[in-house]
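To keep things clear, I will list the structure first and then write my remarks on it.
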Amino acid sequence: MVHKYDLRVRYSDTDQMQRLHHAAYVEYLEVVRIEFLRSLGFSYDGLEQSGFLLPVTKLQIKYHQGVRYDEVLTFETRVVLDSEVRLTFQSQISASSARIALAEVELACIDRERHRPCKMPSALLEVLRSASI
Amino acid sequence: MVHKYDLRVRYSDTDQMQRLHHAAYVEYLEVVRIEFLRSLGFSYDGLEQSGFLLPVTKLQIKYHQGVRYDEVLTFETRVVLDSEVRLTFQSQISASSARIALAEVELACIDRERHRPCKMPSALLEVLRSASI
Amino acid sequence: MVHKYDLRVRYSDTDQMQRLHHAAYVEYLEVVRIEFLRSLGFSYDGLEQSGFLLPVTKLQIKYHQGVRYDEVLTFETRVVLDSEVRLTFQSQISASSARIALAEVELACIDRERHRPCKMPSALLEVLRSASI
Amino acid sequence: MVHKYDLRVRYSDTDQMQRLHHAAYVEYLEVVRIEFLRSLGFSYDGLEQSGFLLPVTKLQIKYHQGVRYDEVLTFETRVVLDSEVRLTFQSQISASSARIALAEVELACIDRERHRPCKMPSALLEVLRSASI
């Protein structure tokens, strides 16, 4: 399953190169992951409230082309369940059908109290299993 | 007492106007407040760990002139103890002796658990009283 | 005329107080101003391309209450045309009908080449006059 | 040659996990690259003014452990000259001698006018050759 989501480049995220700053992609990717989960009926906020966190453990982005203020970025994202602890989101980012960037973000489930790796709750695992087909 | 602190404009904080983005000043002012307290021997981190928070309740900035990437901003800051709950930091921001901005930031002490206003701990009050002369 | 716009609190904009950081409001207000202009058929991007900039000259925010990750902020905004050079946006920010913050942002028109104050282009003035009723 | 640089975790860069947000590392790495070049007597600002840009083309970060507000991060960075167009910075990030993260950032030289890849100016190549030993 591919999740599709659009985000517009914010003025405050541009830099003096007059392009979207490369760090801002990382924040946009986070919004996209959370909306992906929401589209599956899963609340990341609820996950944290029930005692789990999903910090990023690995991040890789290839930037093909810059993008300007006010352009609309389209994120096409797949999720891969690496184990019962780890998952990876892969996104193709485009704008007006030009290829902008490729990103891969790995996250691991930890418990909120001790910050130790732990198995994801079964509700999340189920949702991810259905989405990773 | 006037606290003086320098911060260099970061590339990621510029925008496509090729100036420091107006929201970045707000983050720089926070760094300056914390370093002001540190220079007085007071740790904001320690304050939070002992159960108190100092959220911003009011913010006012007048921008006189833009500032470019890599310029060094000088913050000259005074603190005013408004009450045993509230305090205000006033900063003059300059670069190469040109006047860049004036800022006033009011904070209130709240307790971390209930997020209700409360009297600042006496160690902080003492430090602020000596600094606000 | 009151412009209404919703923005969801992003995870990357929270801080360790577990609330939206006070500087992030400034970025959200910028998004809201640009969408206000867009709703009037005016493109801020087009304005810059035609040689004008609208930097912020004054900023004032009163924070009444913190707001958490994933909450939806509602911005109700009016615009006032102060002169042919300056304009002010006033926003009431609420979440689930609780009052969160009040903001006032003044901007001035400058020309892109010399960064000197100048009269706003008539297309913008017209749009603002109709909106400021 | 290994360049060593310290940066303190800013409050505004923490998130509600009460750790430095993963996107903020990307901004800190940029500060470190620029200070690396400055320590070699080279001004990135001057490079842009002479008509060249160094956008990021690839980014990889492995996060080993979270880091808290006010902690001091130590960046130990090497630079590799991949070609006359591309260069890569590799950083080990630690805090109080604990391993925090590993990062690799590739940049490419482009000309400011046409945004096309081009050979780095010889002054930069020279500096990088001496630093990459």
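Labels for the chains are A, B, C and D, by order of writing; each one numbers its residues from 1.
To be clear about the criterion, contacts are C-beta pairs under 8 Å (C-beta built on N, C-alpha and C of every residue); 3 or more make two chains touch, one makes a residue touch a chain.
None of these values were measured; they are calculated from a predicted model.
S.K.: Since chain A and chain C are copies that touch, is their contact same (over half of the numbers shared) or different (under half)?
M.R.: same
S.K.: Farthest chain from chain A, comparing Cα centres?
M.R.: Between chain A and every other chain, the largest centroid distance is to B.
S.K.: With chain centres defined as C-alpha means, what is the inter-centre distance between chain A and chain D in Å?
M.R.: Centre separation, chain A to chain D: 23 Å.
S.K.: Counting in whole Å, what is the centre-to-centre distance of chain B and chain D, each centre being its mean C-alpha position?
M.R.: Result: the chain centres lie 27 Å from each other.
S.K.: Measuring centre to centre with CA averages, how many angstrom lie between chain A and chain B?
M.R.: Those two chain centres are 33 Å apart.
S.K.: Where in chain D do residues touch at least two different other chains?
M.R.: Residue numbers touching two or more other chains: 11-12, 16, 23, 27, 30, 69.
S.K.: Under the touch definition given earlier, write down the residues of chain C that touch chain A in their complex.
M.R.: 10-12, 27, 30-31, 34, 43-45, 69-70
S.K.: Across the complex, what residues on chain B touch chain C?
M.R.: Result: residues 16-17, 19, 22-24, 26-27, 30, 48, 53, 55-63, 66, 115 of chain B touch chain C.
S.K.: Quick one: in the complex, what on chain D touches chain C?
M.R.: 11-12, 14-16, 18, 21, 23, 68-69
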